[in-house]
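We just call them A, B, C and D in the order they show up, numbering each chain from 1.
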Amino acid sequence: MFQVRLHGRGGQGVVTAAEMLSISAFLEGKHAQAFPSFGSERMGAPVQAFCRISENEIRSREPIMNPDAVIILDRTVIEPANAFSGLKENGYALINSSTKINVSLSKSLKIKCIGATEIALDLVGRPIPNAVLLGSFSALTNIIKIDSVIKAINTKFSGSIAEKNVKAAQIAYEQTLGGM
Amino acid sequence: MLQQLEGSQALAKAIALCRPQVVCAYPITPQTHIVEGIGELVRNGTLKNCEFLNVESEMAAISVAIGSEAAGVRSYTATSSQGLLYMMEAVYNASGLELPIVMTLGNRTIGSPINIWNDHSDAMSVRDAGWLMLFAENNQEAVDLHIQAFKIAESIKCPVMVCVDGFVLTHAYEQVNIPEQNEVDEFLPKYNPHISMDKKHSYAIGAMVSPNDFMEVRYLAHKRQLDALDVISNVREEFLSKFNRNSGGLIRGYNIDGADTVIVAMGSVLGTIKDAVDNLNASGNEKFGVLSIISYRPFPQNEIKKALNQAKRVIVVEKAFALGKGGILSQEIELVLKGLNIDVISIIAGIGGRIITKQMLMECFENPKDKFQFLGLNRATIEKEYQSPCISKVGKE
Amino acid sequence: MSSLTMGNRFGRNTTVQSENNRPNSLTSGHRACQGCGEALAARCSLDAAYIETKGNIAVVNATGCLEVFSCAYPENSWNIPWVHSLFGNAAAVASGVAAAFKSQKKDIRVIAQGGDGGTTDIGMACLSGMFERNDDVLYICYDNEAYMNTGVQRSSATLTFARTATTLPNGQYMGNDIRTGKNVPEIAMAHGIPYVASASIGDIHDLEKKVKKAIHIKGAKYIQIHSPCPLGWGYPTENTIQLAKLAIKCGLYPLFEAENGVVVNSTAIDNIISVESYLKGQKRFAHLFGKNAQVNSWKVIQELANNHIRKYKLGEVVYE
Amino acid sequence: MNKPFATVLDPGTSLNNKTGSWRTIRPEYVHRLPPCNVTCPAGENIQQWLSLAQEGRFFEAWLEMIKDNPFPATMGRVCYHTCETTCNRVQFDGAVNINLIERSIGDIAISKNWKFSPPEKSSGKNVLIIGAGPSGLSAAYFLRKFGHNVTIYESHKLPGGMARYGVPKYRLPRHILDAEIQRIIDLGVNIKCNQKVDCLNDVKDKFDAVYLAVGASLASQTDIEISDDSKTVDAIDLFKNLEDYPDEVPNLGQKVLVYGGGNTAIDAARTALRLGAKSVKIIYRRTINNMPAHESEIQEALSEGVEIHCLRTISSIKGEKILLAKMNYDEETNNLFKTGETELVIADSVIFAIGQSVEDSIVKNTKGILISNKGVIEINKSMQTGVKGVFAGGDVIHGKRTVTHAIGYGKKAAKSIDAFLNGKEYEPNLKNEIANFKKLNTEYYKSDKRKEVCRLGELNFEEKDVSYSDEQIIQESNRCFSCGNCFHCDNCYAYCPDNAIIKHEDGTLEFNYDYCKGCGICAKECPCGSIRMVTDDIN
């Protein structure tokens, strides 16, 4: 079971990212479960979402407290949301940031920063970094294939928005692979 | 077809497959996505010959469904929490009129204080309202129960409420097998209403009934619910043979043969419970089993008794309780097991969306300290509040 | 012979009610009080709708006198498809019935009906919702100006100073001195629905004309019918029609029609009378005229009538 | 369909609930007597023929008229129509113009040559009627219809009595009168004119019954001092001469006085104008409001230029000088006295129109027939004189002397004689309660002004044609309230909150006491007062 926790703010597509992640896994024949940290839907408020990926049926519905990876869509929530809490030893932390983030942690993590918002603005025209980060996540973790991410984007979006997001995710994927 | 879908979207698709002709909706979290989904299916032409009404309140929503069922068409609505209470009067009315409405209850607690998160307080508040109440364990079952619900409702002329845990299921993406339209059509034939409103059926529906006959009306309604036990089982069988999925029915056991302790629960918490029980069984000596109650109304007493009578201990995990008394489901289980010398423990969990973790459950199952307890209750807060001059010290626990 | 009668042997300008094959939507054996205005209003309205649609109507009834006296097991007085759900939800149930017919492509016209309590008070939310959605329902309110079924308590349709069980004229209180605050036809008009009308059993020609017109209009329609209640108002049972006529003649119950939110027609009064002659025949206003009455207190009601006369252009104000 | 128990019910099942048991009073349909009918001297069922006229069924309306009066066209001209005075519509927007409708239909009957149907049977009995005036002719008509053989002896040249000799032509054209008399003759009545009966005893035994209808044809006498050179004439003689010798136009001079205040005085004055008088003055002792003449007649006379000088009596007539005594009259006490003042007027002639009296010589030798102190023959309630089989009516008895009354007497006498001939006593029908205005609910009648006509024509002896057109007849008939009798307005049926009235195919209505709760709305909303509430019998 691979568990991912996503952090961000309302309006950044945190929940959609979790959903697309689950769809990507599903498309690879895996079981996946995505769910938000339920609350009223307010723009700008800190938001969490979760995604479990497994070869077997997923029954548990508890929130993810010990993720294998965290995806941070907005670096400003890291502290207030305690975004790294419970993250496993050698877990992944994918952070939307064009500059490198210095975090002092007691455990070793695989941290990757990517300027997803810039890529999104550049290619999609909107500051929604979720698809970009999923492309990067695919490269970073290899838990899901980039093809699955592209398919997932295409189920959630359509037309030019889908096209642009796919492009952005691919760029992020390439960038991430190249940077490793 | 197997799809990765949000629970609400899956339900919207499933309900559309049942071809309701009137769907009415009033927004309340967390039920909203379901009717939004149906609305979209109506608008894009997937669900044909269906009137989708945006009404001004839950009272209107259920009332529209009452009207359309009375006029002889398959009708659907959904609500949660306060919405259910707001339609309460009509909830009783719908069952009294024997109108086979199907309603999704996206379970949510009841305020005040206002709280939009999941528990079963809303469902428990209508447990005597004459509706059949079925609880879904996961989104696949939620989908399947809705398809079964129309069939059950229409065959016994009684409304059915399908309880789906708010957020936990309604907002969760997971894989769901959505049946094909032709399969559903075969399973759920065209609605043949027992009452309708036209020149040929000039009936008066909803007569006043005096003390001379009212008790008989109620008795018959009770009898109908008891008869529904068989209907629910049969529909499950039929569904199984048609769709090859073991969804619905009255109860479902998990490792209960030879279990010392059986955990009884309803709804989505069962998944986490099963994981907890698997962990316990893998490590300890005591053997744990799980009993899912799918049909809460009618209450399958005999089936429950049969499932539990070998256990030494029964732990009921319930997401609602009766203030001033205690667990609700546990009381009913206790009555079923009366005289069998089985300990019944009531664990109130997840109230107002409080986190229920596998860890918490395991600890509690292994060593339930009290016969009645609240899972994850913050003692410090309680103690602090007890120091407050505003709180009466009388009857301090 | 006069065309003001309900029928005549020449068949000129006759009412549905005068026809020997009228449908009797509400038939005999119902348990309404002697001289019940509501029973009459309901039969008149539904018969007109029935004739106009060749029997293709379905009726939703709010809880209240009409429902209780017409349909108690084992006796049903209705000869039309009829459903009763609750006190406050008739409009919504009717929306559901209309939706059902629409989905089945059945051309059956839907009528919801209730008293003033079930309409102007507890049923207001559902009513407004039905209006706002412009659902294809004709809502008829039989207005007898109080909760009669429960023993004559004040409703938002109760006339100023009227005595009810909850507005007794005790001490300094003058009956319903809360004022008459809710003009539901105007509220209906504010929704911009295609058709709104007021009517009265004091003018059945007019009433039938309005129902016949409304029943064909697609969308939400509202007709409020003044239906005197011998019990609640305190008058001899034979005076039901007379009082309805007096209410029209003094201007207190203006008869008008509105389309899409605009008054398009009102019935002018030939010889306007004083409200006094209307009020005096009713016990609910006896305290305005008795020994201990405040002098000319009833003139407040006259002013209400005058306002109607001016607003709906019923004629010249005669009594100031 | 397997319906839920108790909450879903079949339609109309409340018919099992007989709410009639709630009732303490109950409505019933009644027939009340309309005031027009009550006051009609001939007892015409006016409402009934108006009802037929409303439907344009003029023949049936005429048949209904002739049930009580064989002279519709005549009566439509000369009747003083008390029916219209008492018509309830007077209190609403003016009486129904009954008289003109009767005339109009009567004229249609003449123009279409409608006949009386012959008697259905023959009794073989012979009845003699003495006098072919309105009363005698009326009696003859009814007796003939009853199947008796009728012979009339008439002293004048022509039948018609006062209708011919007391009513000027411009009010009653003779072809109208002749046509209506001819119908009676056509029915088989044998009228022998110029046949004066001097003594009843000479003829009475030859018949099974006799009806004395000789009228009052003697001009009343006065004690006014009249000089020999004065020119005076009795109105009744003036009319007779005009009728029997139309070529001899009497010369009344330029200035004419008429003495009297009745209809005859008015007729005389208007006749004088037509004979060339330039000034006609009526001298009457009381006030104009007390004149016995009919209001409309007075108005017409005034319009034609007749002057009416009230509160005066004639003291003496000396040539052209006529001395009048001024009078004082107290209406309350009915005291009439001379003021002492006098007035002298100049006139070429004076016409007396101060009443007529009965010529009683015919019965002087008949034992048992009594003459009252007022000079009229006394009769019992069956109109029989003191002699068995001898009846009397019309102006010879005490009562109102109008053509209409005469026709009424004739009808009543005929019924009595018929009963007598069958060995029975005539019993009049019991009269229903009167439908007065209070019993009506006039809200349901639309205001519709009475259609008036102006009867005034040119100053000659031709009648002005004022009859209604067919449409006008229908329109005016429709103004009838139908007082006291259901006219099928269906108000009761429509307004009953309990549907407790059954309307049959033919439009007739019946109370269904199974469901009637006795609220009384039907009675209250009945426009014509033909429903009454009565205490319910306790069964």
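Here, a contact is a pair of C-beta atoms (placed from the backbone, for glycine too) under 8 Å apart; a residue touches a chain by one contact, two chains touch by 3 or more.
Just so it is clear, the structure is predicted and the values come from calculations on it, not from any experiment.
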| item | value |
| --- | --- |
| Partner chains shared by chain A and chain C (touch criterion as defined above) | B |
| Chain pair with the higher count of C-beta pairs in contact (C-D, A-B) | C-D |
| Between chain B and chain A, distance of the C-alpha-averaged centres to the nearest whole Å | 33 |
| Inter-centroid spacing, chain D versus chain C (mean Cα positions, whole Å) | 51 |
| Length of the line joining the C-alpha centres of chain B and chain D, rounded to whole Å | 92 |
| Between chain D and chain A, distance of the C-alpha-averaged centres to the nearest whole Å | 113 |
| Multi-partner residues of chain A (at least 2 other chains) | none |
| Multi-partner residues of chain B (each touching 2 or more other chains) | 97, 201-207, 209, 213 |
| Contacts with 2+ other chains: residues of chain C | 70-71, 73, 76, 78-80 |
| Chain contact graph, described as a line, ring, star, complete graph or other shape | other |
| Every chain pair meeting the contact rule | A-B, B-C, B-D, C-D |
| Of chain D, residues touching chain B in the complex | 1-11 |
| Touching residues (chain side chain B, partner chain D) in the complex | 96-98, 157, 194-195, 201-207, 209, 213-214, 216-217, 220 |
| Contacting residues of chain D [partner chain C, same complex] | 6-7, 9-19, 22, 54-55, 443-446, 478, 482, 487-491, 493-500, 503-505, 507, 512, 514-515, 517-521, 523-525, 527, 533 |
| Residues of chain C defined as touching chain D within the complex | 1-10, 14-15, 17-18, 20, 24, 26-32, 34-37, 39-40, 43-44, 70-71, 73-80, 204, 230, 236-242, 245 |
| Of all residues in chain A, those that touch chain B in their complex | 18-19, 22-23, 26-27, 31-36, 38-40, 58-63, 65 |
